[in-house]
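Same chain, two partners: subunit A is paired with subunit B first, then with subunit C.
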Partner chain A sequence: MADAVFLALSVITIGSAIAALEMRSLIYGSIALMGTLGGIAGFFLLLDSPFVAMFQLAVYVGSIAVLILFTVMLVKRELIFKKIEDKRRKFAGIALMLIFMVALGSVIMDSGIKSITTNEPAVDFRNIGADFLTYYWPALILMGLILAGSVTGALVLARREDIQNEQRTD
Partner chain B sequence: MSNELIDFVLVSIALLGIGIYGLSVKRNAIRMLFAVEIIINAANLNLVAFGRFLPHSGGQTLALFSIAIAAAEVAVGLSLIIVAYRMYQNIDIADFRSLKG
Partner chain C sequence: MSVIAPNFKFSEFVKSILDNLFWILLIFTLVGIPAVQIVLFYIEMPVIDGKLLTPFLALTWLADPSRTLPILKAFMNTDLFRIAAFPGFGFAALIAAGTIFVERKMLAKLQLRVGPFYCGKVEGILQLMGDGLKLISKEIIIPAKADKPIFWAAPVIFVATAAAFVALIPVAPGWVVADVDVGLLAVFAIIGFFPIITILSAWSSNSKFPFIGGIRALHQMVSFEIPLILSLLGVVILTGTLNLSEIVESQTNFPWIIFLPIGAIIFFITILAELERIPFDLPEAESEIVAGWLTEFSGMIYGLVQLGTYLKLYAFAALFVVLFLGGWTGPMIWPPFPEEIITDGIVMGPITAKIPGLPVFSQEMLNGVVWFVIKTVGVIFFILLPRGVFPRIRIDMLLSLGWYKLIGLAFVNIFIALGLLYAGVLGPGGIL
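Then we have the complex of A and B:
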């Protein structure tokens, strides 16, 4: 059975995920998204993987959520508060979500993973570091190249060509 | 450990459903990016949960790779949204019909 910490974390995570999509203001929505990402970090702590939890906090809550917040601030004010969706599509979306959850949930509940528990000790995070540097090193290098390339691409895309560079020469 | 694997998998399914709802209903580009983030986080939760219950270190390693790639994806996606906003003065994806030059 799940304990109280798990239940509180799941209420926070799922509730703020719904709030992130349904809040009227995009700014409050991105703050609610921060709540979801932090709740996932809490789940990682419950799963005895503190390294991944800290990585999640540093990358998602620390940088991605702040990046989204600044992008929202660049958008015109009336667009932040405007809701653009039609009612029929919304009901169809809710029906799709419920059908999806019930179908996948019943398949999972009937499968064998319902009875899986463990008493074994958690994986030591030193093993993860060793894995990164031994077995996964080509993937690590590739990931670094992809990160550098995508950040450079993002900078090139967002650059404005219509503004002249005003450099002082005196 | 008092929590079972099925609890984490059910939370992950709920987050995935919410993300699919957001992707199919919302027309605001930034909100669709929120939905994509929620789906990616559901996948990461599944990876770490199965890695904990096997137990095997591969789940956490893959989750770390996935988080790093998601950071790159968000950077590119947000700059695409900014470019589209500059071109159309709107973030409604129904306006992004003509993507030529």
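Then we have the complex of A and C:
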């Protein structure tokens, strides 16, 4: 049963990833990207971590895909992309991808992933949170600072001095 | 006189009904009896209590309440019943239908109009049915150069997403379709789907007004999701769980609105914005952009979107009840099931009917449902009320409200919750 679900999820994830790259319509491409991200959420569900799966859905499908969709809708495609298509580029891309995947696969296979026992109960997300707040607290604070810095930077970049507030605010 | 059917004659109406009855009986005889014979001939029937279970015997048993009640109770414990009927779709659709009627009638009274009046003789009580029939019988018009697959799929996915939201709501102890461990996170994940569907359907109709409405809806939903999520963190901090049923059980003594009123108010305002209701109905501002992202929908596609909208309204109101008003908890007001019916059976003169399997629902469950429905209807009333009172606000005021005021207040709410937790008043191991 789990194997069938795993295979179906793999087909959905990889298929929609390829579709996201290959589709000529950018809107459909971003919908396919949503399929990929949702498929990854499915993998997290299969791995007994619904917490991560729900965050994957809420953050990636719910926010980042919306941003991509929004950007794509407001942009004229012809202005930013030049179509360069020939057979050689395509085959070179596929070959590069294969080499990359084989290299990555061999690295993963050589690592200790085979010796992991699989029937252990999943780690509770509360334990992960407790670890973050106790043992890994410098990393947590660093992440918080980086995020705060990037948000502040984005606000500064988005701010425009030349526009006066023309409308009443009361 | 009626212009819809000018040649209406009552005698012909009766004749047509009798004709239909005749044909139904004829077809039933010609098809039904051979079907029973085929079943008897080909299928090996089981022997129950020393009797062969023929279709006739099965029908006799079905007509006997002492035998049907256990079957009914077994059916009510199946997933199908939960998804389709009670805590799931049917219950929510019933409340949604009631909401639509009450909204129209109440809005009319607030604005000194009459409202629905003719359908069903009594105060237009059948108006909704009439509207549904009208929508079903209307043609679905797809705009030229519209993106057909998305245009067709968006309303269906909208209803499906709203139904998935409904499935997470616990109505009574143990009565919930999907009792997931991370229920609140699942709610956040599902809410995130609505802006995608809105903007896709708006884009796919290839029309200006829907696109403007869709962009506005996207702005509004995305910017109000953040205070929505932040305002609920206080409850999560105090209960220490994300499961909605456990959150309800933590409120047996007092609802969280007593300690987190700021969070409740923020959540209520964000509900209004997420549901695109006045004063935040910019995405479908009918005086500016016709009907916003719903402009090009017609026929039953529009009906589906309306159904999804009201399912969403019920789900948000129920979520407010579950998180802040204590869900199904409340004093016991439902009378207990009479003992003598269980022990002696129902006595009617000389006849005594002993019916095993009673009572069908436990007293706790019925009491919980009553309290849940009372609270939910109250919250829905307060969601409907601003429509008759407030004007629509501008989009820059909406965004500044969402980004500056509500997010700031949500952090105040989180600090109140943290203060209560660390002072040892509430939460795990607290005084109360």
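Here is the rule we go by: the second predicted complex is superposed on the first by the 126 of 170 C-alpha atoms of A that agree within 3 Å, B and C clash if a C-alpha of one lies under 4 Å from a C-alpha of the other, contacts with A are read in each partner's own complex, and residues count from 1 in each chain.
Here is the rule we go by: a residue touches a chain if its C-beta (ideal position, glycine included) is under 8 Å from a C-beta of that chain, and two chains touch if they have at least 3 such contacts.
What you see is a predicted model; the values in this text were computed from it and never measured.
J.: Have a look at where A:Phe51 lands relative to subunit B and subunit C in the superposition and call it first, second, both or neither.
T.: both
J.: Is A:Met73 in contact with subunit B, with subunit C, with both, or with neither (first, second, both, neither)?
T.: Touch status of A:Met73: second partner only.
J.: In this superposition, which partner touches a larger number of subunit A residues, subunit B or subunit C?
T.: B
J.: Does subunit B (first) or subunit C (second) touch A:Ser63, or do both, or does neither?
T.: A:Ser63 sits against subunit B and subunit C alike.
J.: Name the contact category of A:Val123: first (subunit B only), second (subunit C only), both, or neither.
T.: first
J.: After the superposition on A, what does A:Ile31 contact: first (subunit B), second (subunit C), both or neither?
T.: In the superposed model, A:Ile31 contacts subunit C only, not subunit B.
J.: Does any part of subunit A touch subunit B in one structure and subunit C in the other, and if so which residues?
T.: After superposing on chain A, subunit A residues 51, 55, 63 contact both subunit B and subunit C.
J.: Could you pull out which subunit B residues touch subunit A in their complex?
T.: Contact set of subunit B toward subunit A: 1-11, 13-22, 24-28, 30-31, 33-35, 37-38, 41, 44-45, 48-49, 51-53, 55-58, 60-61, 63-65, 67-76, 78-83, 85-86, 89-92, 94.
J.: Inside the complex, what are the residues of subunit C that reach subunit A?
T.: 147, 150, 180-182, 185-186, 188-189, 191-193, 195-196, 199-200, 203, 215, 218, 222, 225, 394, 396-397, 400
J.: Can you list the residues on subunit A that touch subunit C in the complex?
T.: Against subunit C, the touching part of subunit A is residues 27, 31, 34, 50-51, 54-55, 57-58, 61-63, 65-66, 69-70, 73, 167, 169.
J.: Taking the touch rule as given, give the residues of subunit A at its contact with subunit B in the complex, in rising order.
T.: Going through subunit A, the ones touching subunit B are 1-3, 6, 10, 13-14, 17-18, 20-21, 26, 29-30, 33, 36-37, 40, 43-44, 46-49, 51-52, 55-56, 59-60, 63-64, 67-68, 71-72, 74-76, 79, 84-85, 89-90, 92-94, 96-98, 100-101, 104-105, 108-109, 113-114, 116-123, 125, 127-128, 131-132, 136, 139, 143, 146-147, 150-151, 153-155, 157-158, 160.
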